[in-house]
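In what comes next, chain A is part of two complexes: it sits with chain B in the first one and with chain C in the second one.
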Partner chain A sequence: MGLIELAAAKALASSAVFLFITLLMMASAKRISTCIVLFSIQSAIMAAEILAMAYAGKSVGAYIVAALVIAVKVVAIPYALFRIMKDLKASQDVASSTTGAQSVFMMAGLILLSFFAVAPYAKTLRLDEDLLAAAVALLLAGAFLMVSRKKALMQVIGLLVLENGIFVAALTTTYGMPLVIEIGIFFDLLMGVFLMGLFVFRIRDTFEHLDVSKLRRLRG
Partner chain B sequence: MNLAIDVIQALLLVAIAPLVSGVIARAKARMQNRRGASLWRPYADLLKLFRKQDLVPDTACGLFRLTPAILFAVTVTAAAFVPVLHPSAIFGMSGDFILLVYLLAIGRFFLMLGAMDGGSSFGGIGASREALVSALAEAPLLLALISVAILSHAVSLSGMVLCTVQQYPFHLSAVYVFALGALVLVAIAETGRIPVDNPSTHLELTMIHEAMMLEYSGPSLALIEWASAIKLTLIMALLIGVFVPWGMATSASITALAIAPFVFVLKLTALAIAVAVIESSIAKLRMYLVPDFLGMASALAILAVAFTALMR
Partner chain C sequence: MTLVLLLLVPFLAALIVLTCKQSTRAVCVAMSAGALEVIAIANAVWRIRSNGVLQSGRYLRADGLTAFFLLNVGLILSLVLAYSIGYLRHIPAGRFSSPRWFYSLTFLFVFTIMAVYLSANLGMLWICVESTTLASALLVGFYNTKGAVEAGWKYLVVCTVGIAFALFGTIALYLAAVRSGVNPESALDWAVLMNAAPSLGATGNLIKLSFVFVAVGYGTKIGFVPMHSWLPDAHAEAPTPISAMLSAVLLNCAMYALLRFDTITSHAIGSEFSHTLLLIFGTLSITVAALLMVVQRDLKRLLAYSSIEHMGIIAIGVGLGGPLGLFGALLHTFNHSVAKSLMFFTAGNVRENFGTLRMRRIQGMARSMPWTSAGLVVGSLAIVGMPPFGLFISEFMILTAAFSASRYLIAILLMVSLSIVFGALLHHFQRMLAGKRVDVPVKLKLLPSDFAVMGVCTMLLIVLGVHIPGAFANLLQRALVVLQ
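After this line comes the complex of A and B, so read on.
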């Protein structure tokens, strides 16, 4: 077996572990900038995964998807988030409602839960159990980050992590969606981040803080 | 032959321990744009202290005098359990990793007693803080080692090391990754480095380990300093042995045995520089955040044990 085949096989087999590590580090992170960097790393791991699959499946479309992931999720979105953060001039604190240890415990619990959740399906559908569990763990972790962090920017990052989960799930179950749909999703996501950035600015300008836990009286 | 290497590797750990402290101090100084003291300064310090008079507080009983000797003896014994140059050790036996953890705990226990016996209020503060940190660090340390033991189907440290050394470096298991994460966090707390404790200050509000040895002087202080240097080195050697043992002499050939010390020293230096980088880039945690820090280690250790069942 050549070196590239070996690297591709290893990237596929161990990508789930690396995704779990980024999730645990996100749970323990105290600064928003750390979370943005971790999201970028997480997307880079996904890109490596797609590249490995593209190499194994010899499909040209997958290479384009990998390039899109790198362009949009590894570079563009983190850059946009950093710009938003710089312009907001807000504090770096994620304002978590749980302590660091509680968050890490919770995240570990979610990871274990996702393994138990996918175990029956992975067996019957003969899918890669670790990657499917990673997808579910990303979904749960994104939701958890959105619920437990009070800063508006962290809700955006939580949503992006959740979206990564959907992407990994699509990747493991159907080896990725058709190219046109994939491009559409990336465009949507980019626009979504810009829109949410605008909303964050509006929240800051109207209420002079970014703490979403204080927005309880905001009812239509 | 094997016994000779076992003895040599234990003596190596004891002998190069001050040098490791010197390397860390030098690397930290370089990172802060200072020239830093010589690498050999810890040896000179020990020599100087051994020549000085041993002062004992009036309030202290015999325990105060006995503590440094017990601490040193226990730490050197613990060093004899760690495989360094080849996957075997003098006292290698089944369950030795549990004994290693509790040998270090005995040393810490006596250091705490000695600190309280010294009669100064700082000794008491340091002892109570050390009790808190060590109580919280014990569970993740044991759990992480147990998870590696389960994965490698070994009951001794040498078995674990042998299991890792026979794998390819890139065949990483999730268990190893989580156990390594937990052990690194615990090692920082156990050896009293930043962000849990700062080894280079004597600031009464923050010090833990330094507060306990405040009343000691002369040869007693030298023994305690040496023992804590050995403890740092042996925990680093443990991390190297369990997680990156490649380069160890697995056969009894001369070349393998000749290469092993160089590879070990290289890895130890890399780890020492990593410690210096961490210490220069992270601020010390408030005392009340230390349980939180060790809670993360516990979560990782529990995840490591759970993954031994999930990922085979």
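After this line comes the complex of A and C, so read on.
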């Protein structure tokens, strides 16, 4: 029994590294579809973490949350985003305002920064430092993707990455929130992505492009 | 049951209205549902007054603070619905923009707002605040014009990101509670947290972290200054009844969420930290908003910036704390919502008649639309805090609280900003009101409902300015008890 728990703990510890890799790849990605796949992989890593936790802690609630993550974040949202991409027939380019090399460099800096940011909290609260740093890095990375990529869909993906960060933070600090709350948050997320999809179509129909940086009629 | 009814009425109304293909029938259904909801609210407020706290299941709870804000929703909802009868005449029939969609989305919006006020659990509270954004984003983009779509997109993205930070803050508070030995299943329940608050002090840093994130998160929704960018766009591009709802109900709703967190934080680690943060956000909001009001060109954007300013005043009132500051702040939320609705309603009439909201192109209003102009004058005198209107009393209370706490810098900044706002409104409105009568493109007559709405707002503002009725003061006191 001790061996299995040890394995679960190891899986948890190394999952932070996988999360960092998805972030760095997202920074260098040039196509929107690559980012969607990476988001799906990132969510799958989170699901694996929760499963490891559920197995170690023998909690039924955690299994349900893991199932929800797989259903919503690994399958449903990426599928919906691919459908939107297909229906829009828009170009695949993420329209980054920084070059690929710059983005990777920035992302590495953000990851480093997040380690410094969580160090005091991880010590006093006796939490897993790597995973907590991963949570903060996901948060910062999501914000970075939102401000540096001009396509409306990339802003949606940035937001999803940011939400993943909050999710990982909840997971590492408190082993998740009460189940009802988790379900509510998932529902909100799903509705939010649905609505943003709706608005992406409206932006396309009224402006005939998807470049958010050109939306600047309203100022001041 | 009382509480479930409050949620059930708007939810069912949203569904039923959608089945009404004829717009007259949609209006009838909407009005009767609105009346039912107002009755349900009155019933709930009455029961809270006699019973203290109402609890229904684990997730619905209403106390004195809830009752006070419910009264606000009930009043503004009835005003907005009455005003919408006249306003709907110029909604074009589009795919998603017809009267029935308008009412359906409005009731969905009301449903989410009610859910915010009734949630007993801070996690639920977050979920509900986020769904208010989702429910109202479609209303902001209702007209499907370039401006409306852009404003809707901006609103959705900025507020969702902002609110995500509030979730992070909520998780930090949850962590602090669990670490202090509260049962994880109930560690987000407001009542449980309030009981446990004094023992949360040991995790002081975590509580501070939580409050910073919550203040930024819900502050985005309130429209505090560095995070306010969505607010003028959303208010300006939304249909006018919805602008009034956003300003008079939604902002208060976000303020309510922040108040709940502020109370817990104050109980846990003392009020110093959270109140200083609120004072910083408040003063920043009033000064920046006041300066930006001078250069506005669009009437509804001007009103939106005025909302930012008033949210700043309320934050200052809460931040000063004490019975006087808090009383003034709560009273100010109510006064501001009445005055701001009145102003948005008149702005809607202006737009119907002149076909534009550009203040430069509007002149001779006093001659061509005397009643609307009267409403605008009353509204603007009230909003700048002139006696005998209610906002004078609440602003005076907050100023007094500032002086008695020896916060002279804040008091001076507040007075300077209020004078700038006064000058800005005078500058903008005297150009619009005065001048020769111009031939207005469209001339729509005001309906009796429009007169009723403007009359009720004016009456309320004067009554609250002259003498606060006993029953209302009692309700305010009960709300204060929850916060202290």
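The working rule: the second predicted complex is superposed on the first by the 210 of 220 C-alpha atoms of A that agree within 3 Å, B and C clash if a C-alpha of one lies under 4 Å from a C-alpha of the other, contacts with A are read in each partner's own complex, and residues count from 1 in each chain.
Just so we're on the same page, a residue touches a chain if its C-beta (ideal position, glycine included) is under 8 Å from a C-beta of that chain, and two chains touch if they have at least 3 such contacts.
Since we're looking at a predicted model, the values are computed, not measured.
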| item | value |
| --- | --- |
| Chain C versus chain B on the shared chain A, clash or fit after superposition | fit |
| Partner chain(s) touched by A:A56 [first = chain B, second = chain C, both, neither] | neither |
| Partner, of chain C and chain B, that touches more residues belonging to chain A | C |
| Which of chain B and chain C A:A152 touches, first, second, both or neither | second |
| Chain B versus chain C as contact partner of A:A76, first or second or both or neither | neither |
| Partner chain(s) touched by A:A44 [first = chain B, second = chain C, both, neither] | neither |
| Which of chain B and chain C A:D130 touches, first, second, both or neither | first |
| Chain B versus chain C as contact partner of A:I64, first or second or both or neither | neither |
| Degrees between the directions from chain A toward chain B and toward chain C, using C-alpha centres, nearest 10 | 150 |
| Partner chain in contact with A:T206 - chain B first, chain C second, else both or neither | second |
| Partner chain(s) touched by A:F115 [first = chain B, second = chain C, both, neither] | first |
| Touching partner for A:K10 - first (chain B), second (chain C), both, neither | first |
| Minimum distance between Cα atoms of chain B and chain C in the superposition (Å) | 23 |
| For the chain B and chain A complex, residues of the former touching the latter | 170, 172, 174, 177, 181, 289, 291-296, 298-300, 302-303, 306, 310-311 |
| Residues of chain A that touch chain C when the two form their complex | 121, 124-125, 139, 143, 146, 152, 155, 159, 162-163, 166, 169-170, 173-174, 177-178, 180-181, 184-185, 187-188, 191-192, 195-196, 198-199, 202-203, 206-207, 212, 215, 217-218, 220 |
| Chain B contact footprint on chain A (complex, rising order) | 6, 10, 14, 16-17, 20-21, 24, 28, 99-102, 104-105, 107-108, 111-112, 115, 130 |
| Chain A-facing residues of chain C, complex | 59, 121, 123-124, 126-127, 130-131, 134, 137-138, 141, 144-147, 149-154, 156-157, 160-161, 164, 167-168, 171-172, 174-175, 178-179, 184-185, 187-188, 205-206, 209, 232-233, 236-237, 292, 295 |
